[in-house]
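Here subunit A shows up in two complexes: once beside subunit B, once beside subunit C.
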Partner chain A sequence: MGADSKTNRWLTAALLTPTSLWFLFLLILPLIVILVFSFGERAAVGGYAGGFTLEHYANLPSRLKAFQNTLIIAPVGTLLALLVAYPLAYYLAVRVSRRYKLILLVLVIVPFWTSLLVRTYAWIFILGGRGIPTLLEFIGIEGVRLINTPGAVLVGIVYGYLPLMVFPIFVSLEKLDKSLLEASSDLGGSPYKTFTQITLPLSMPGVATGCMLVFILLMGEFLIPAFLGGGKVFFIGNALVDLFLQSRNWPFGAAVSVTLVVIMLITVTLYMRMTLRGNTGRDESLM
Partner chain B sequence: MVDQSTSSREIDIEFRGVTKRFDDVVAVDNVSLDVERGAFFSFLGPSGCGKTTSLRLIAGFEQPTEGDVFIGGNSVVGIPSHKRPVNMVFQHYALFPHMNVAENIGYGLRQRSPKPAKQDVDKRVDETLEMVRLSGYAKRRVWELSGGQQQRVALARALINHPTCLLLDEPLAALDRKLRREMQIELQTLQREVGITFILVTHDQEEALSMSDRICIMRDGRIVQSGSPRELYDEPVNRYVADFVGKSNFFSGEVVGSNGSGVTVKLESGQALTGIQPKSAPGLANGSRASIAVRPEMISIKAADEANTDSSITIKGQVMNRIFLGEHSEYLVATEGYGDVMVLSPKSIEHSDRSFVLDDRVALSWRPDAALVLGDA
Partner chain C sequence: MSKSNDDNKPISARKFMKYFRSYQNGSISRRHFLGVTGLGTAMTVMGTAVPSLWSGKAHAFGDLGDRLVFSTWPNYQNQVNLDEFTELTGVNIQVNAFGSNEEMLAKLQAGGTGWDVFVPTNYTISNYVELDLIQELDLSRIPNYDPAANNPKFAGPAMVNGKVYCVPKNWGTTGFIVNTKKIKSSPRSWKDFFDVTMGKGSGHTILHDYQLTTIGAALCALGYSFNSIDPKELAEAEDLLIKSKPHLFAITSDYQPGMRSGDAWMSICWNGDGTQLNRDLPEMAYVIASDGGEIWTDFYAIPKDAPHLDAAYAFINFMQDPYVQARDAAVHGYAPTDSRAIALQPDSLATDPILHPAADLMNGLEFGAAQTLTDANRAEVMARFKSA
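This part shows the complex of A and B:
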């Protein structure tokens, strides 16, 4: 027994080492570097020059618009993705016969086989001047502008993030015991009441997971706003690209990054608190 | 509560020519039956015989392809389950995991419109909890309960709605043997207390025999026989029923003749045996395949040299195996020309000179009316 637990301990350590090193060098150290940079000076030719100053944090309001856009569009986009994904996941999990289920599931993933870059690019043409607006002109609606609006960015978000929302919800609906729905109906619950009292509460873990996945990724999104927002609707991610790559103001970029991380920590913690409090089931921790 | 003998024979559930097809599989095939108010009725049969589909047709989870289903005299075809006055206890209980015991039990009441007042629901829930002996468990999570307790919550959740009829889908299958026996008694008592019709689906013949007033034996979507447990046991219409309900020894062969005293069957070995036909069984023509069925407890076992004094049918054999079962012993006897025969010998007659060991030569005998001639269908 003693020898066993000793080998076990070695094995555990050996198995955990790669992950620990990964986290240390690729997550924790970079975060520390960013934190240190955020208090430093910008070198004359760009980049980082050491020192200690709070001026970059004081300068944050100059990027207020990026923060505002991100903090409004990310939650709204998450919600829209949820509204589109839930019926789809429900249909796939509850209504479709087993024969077609797999095919339809694959169809949900297929777009992921192509780069998001290419797919988002395609939306520029669909929403752009020669796309939907031209079609609308045929039926007499003129002067509609879709591209480079928050709406276009939201369309891109819902499109790009849909599978991430569909799958967790699908899984929680799929493992939902169908006899519970029959029991509810048997006890006099109309289909609507069965949905609100049984199906929806029992699929909340999937909804919570999907929303968190999409929200966290959206907070760092830069590609979709860059393509479909056309410089008018930009996220914190776009501000970071600009600061690090174009204006080479690394310390300010670092300060924006640190702020983003802090905002994420606060929102995700609050969110977890909320969903875990509502959690009443056995295995309803976030999957 | 209600004296069944004097109350008028009201029918709670009726099937008229009900057929249910799933694609090209016929689950229920032209079934007609009726269940009297206040009866404890069982569908009995192996898996896939259509018993569960029949129950689901009553509950409203399935709609018949053909025919008509009546509840309390009204046709319910096309009416969805949430509008039917019946409630079900599911095989794995189907308790709502995100609700506590009281919320589960009160679920049916809360679905009504207008919604009853909260204190009324609470009061009814408390009463029902008491009825199933779970007072004090109201706030428990359902998965914290034992199997037997979950079973009682499922019962309470159904009974609180005062259904016309309570449907039970293999309700005891998930319980261990001892608990199952207890719940059988509890179910019977409960049924007498509440006085509503119970319809049970089971593959366990012992369960059906011990609890029901009437049993309907099904095979391949059809009713093979329905009747009281005693009728099914004593007068099975064919070999299938005799085989399914209780144990039997079967001697199969061909009908060679019949007269007032019985039907004679010639076995493959050339031996002939005579038996009587159950009243309700269809007649057997000469030359048709048939089996003589003899219940193991109807056979008496004696030493081979003991004189046979009465008119019993007697065959000789040798003890192959003996299993001591407590209240009785089960012998397996290899006979000359009749195959292996099982005999149940009660402990009360198992005194020294009637107790046999391996390889003992014995004589088996039974009264002529203990042998039933049954069609092989």
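This part shows the complex of A and C:
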């Protein structure tokens, strides 16, 4: 018995070692490096030079617009992706017959087989002057500008992140016990009531996971705003690319990164508190 | 070389050029061109000029490895040349395209790029040497490079402290392109350019995502030097840029899609892109601004830690061949610095006013200055303008 638990402990340690090392060397240490850099100086030709200064944090307001853009467009994009993904996930999980389910699911994944870069670049031509605006001219709507607007970035976001939202919701709806829906309608619940009282609450874990996945990734997004925002819809991710790849101001880039991480920690903590509390509340009411 | 040897050549240089011209003016297809000239041709034509590739051993190319990483600019090479190099040597070329010299520098500074050959612009060379990021070249391994055929005005920056660090690729100017169907006022200067941007052309101008040209354009519009690093002048340029930002269509160095789709009517433009656009859409006019701008040379250079050094030398030597240069320029439009290559170009390119502007038009142009690459203030002005 004693030997058993000892073996177990060794086994647990052995299994956790790769992950722990991974976290230590590829997450914790780099984060410490970023933190240290954020207090340093920009070397004369760019890069990092040692030192201690708070000037980079004092300079953060110069990137206010980028923070604002990200903090507005990322949540809106998440919400739009949710609104588009939910009906699709519902259809796939509840309505589609077993025969077609797999094929349709694969179709949701297929776009992932091509690089997001190529797919987003294609949208430049769809949203550009010779694309949808030309089609709109045929039906008499002229002078529409789509490309390089926040709207274009949102289209790109919904398109690019849809599968990430669909799958968690699909999984939670798939597990949904159909007899609950029957019970609801047997007891005289309207379809609307059944949806709001049973389907939606039970799919909340999937919705929460999907939103979190999409939101966190969006906060660091730079490719979609660069391509579909034409450098005019500027995310904090774009500011970071600039600071590291163009102006080579590593310390300021590090300070912006640290700030982004802090903002993320706060929002995600608040979000988890909210969804967890919401869940327990509903669990009780379901009892 | 005996006569019979000459007869054994699959195709003569003269004949090659005949087919090459036919291919260029479109009377034969690329497939046909490659068919009649083909691999043997290229080897023969090059063989006369590339002794290092023909050093006797049948497997001479085997030593080069199978990979070469080439970092360059968009729309700046003829794929036929790259494919041919691969066919000749078995070396596969991975091409990376960049939008600014700063980006190239950032990658090289961070280290571990794996690049073998890259294409820096004149004003960056001395910085790269100072930072110990590029190698001194062994010109005996690039016999196709002929210093005498290259105008020292363009080839000059290759030499730092008496040592040669790179060989020239192409030269050109930075001006702007105007869609004359949309903008009738024929802007002539950077001042006009920004006036039109904030006036009749509002919403249809592209500025580069590149500090040198975008800040340079704003500085010229204000009557200052393209290369200024004076904080007061830069502050004024930043004001102008930020004031114009709401009127811009985009900030991007990939401006051809926007110009071609008709969304953008005006853009800062490199002259080779100007020829590419003008070739397809005659209403596209390239303008060298009367109040200044840039003249530049791009070079082939080898990073200090290039993993495939032999392949890098073979590739640069291949690309220096006049025929290969001419074939490259036939696609990307930029003028070679090498007079041997210009002599091989069809008249339409060799005398093209966009590629070879009259000397007096270029009086106001400046070569980029080394300090613009590393000036922290210039970098930050650009970054602030973009995130404004």
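By definition in this document, the second predicted complex is superposed on the first by the 280 of 287 C-alpha atoms of A that agree within 3 Å, B and C clash if a C-alpha of one lies under 4 Å from a C-alpha of the other, contacts with A are read in each partner's own complex, and residues count from 1 in each chain.
As a convention for this text, contacts are C-beta pairs under 8 Å (C-beta built on N, C-alpha and C of every residue); 3 or more make two chains touch, one makes a residue touch a chain.
Predicted, not measured: the structure shown is a model, and the values here were computed from it.
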Overlay on subunit A: subunit C relative to subunit B, clash or fit: fit
Geometry of the superposed three-chain model: angle at subunit A (Cα centres of subunit B and subunit C, steps of 10 degrees): 140
Partner touching more residues of subunit A, whether subunit B or subunit C: C
Contacts of A:R273 with subunit B and subunit C, given as first, second, both or neither: neither
Which of subunit B and subunit C A:S62 touches, first, second, both or neither: second
First, second, both or neither for A:R248, with subunit B first and subunit C second: second
Subunit B versus subunit C as contact partner of A:G47, first or second or both or neither: second
CA minimum distance (subunit B, subunit C), superposed complexes, angstrom: 47
Set of subunit A residues, in rising order, touched by both subunit B and subunit C: none
Of all residues in subunit C, those that touch subunit A in their complex: 100, 102-103, 105-107, 109, 127, 130-131, 203, 209, 211, 245, 248-252, 257-258, 261-263, 374, 376, 379-380, 382-384, 386-388
Touch list for subunit A against partner subunit C, complex: 42, 44-47, 62-63, 65-66, 124-125, 128-131, 145, 147-148, 230-232, 234, 238-239, 242-249
In the complex with subunit B, residue positions of subunit A that touch it: 177, 179-180, 182-191, 193-194, 197-198, 201-202, 280-282
Subunit A partner contacts - residues on subunit B that touch it in the complex: 59-61, 80-83, 86-88, 90-92, 94-98, 107-108, 111-112, 143, 157-158, 161
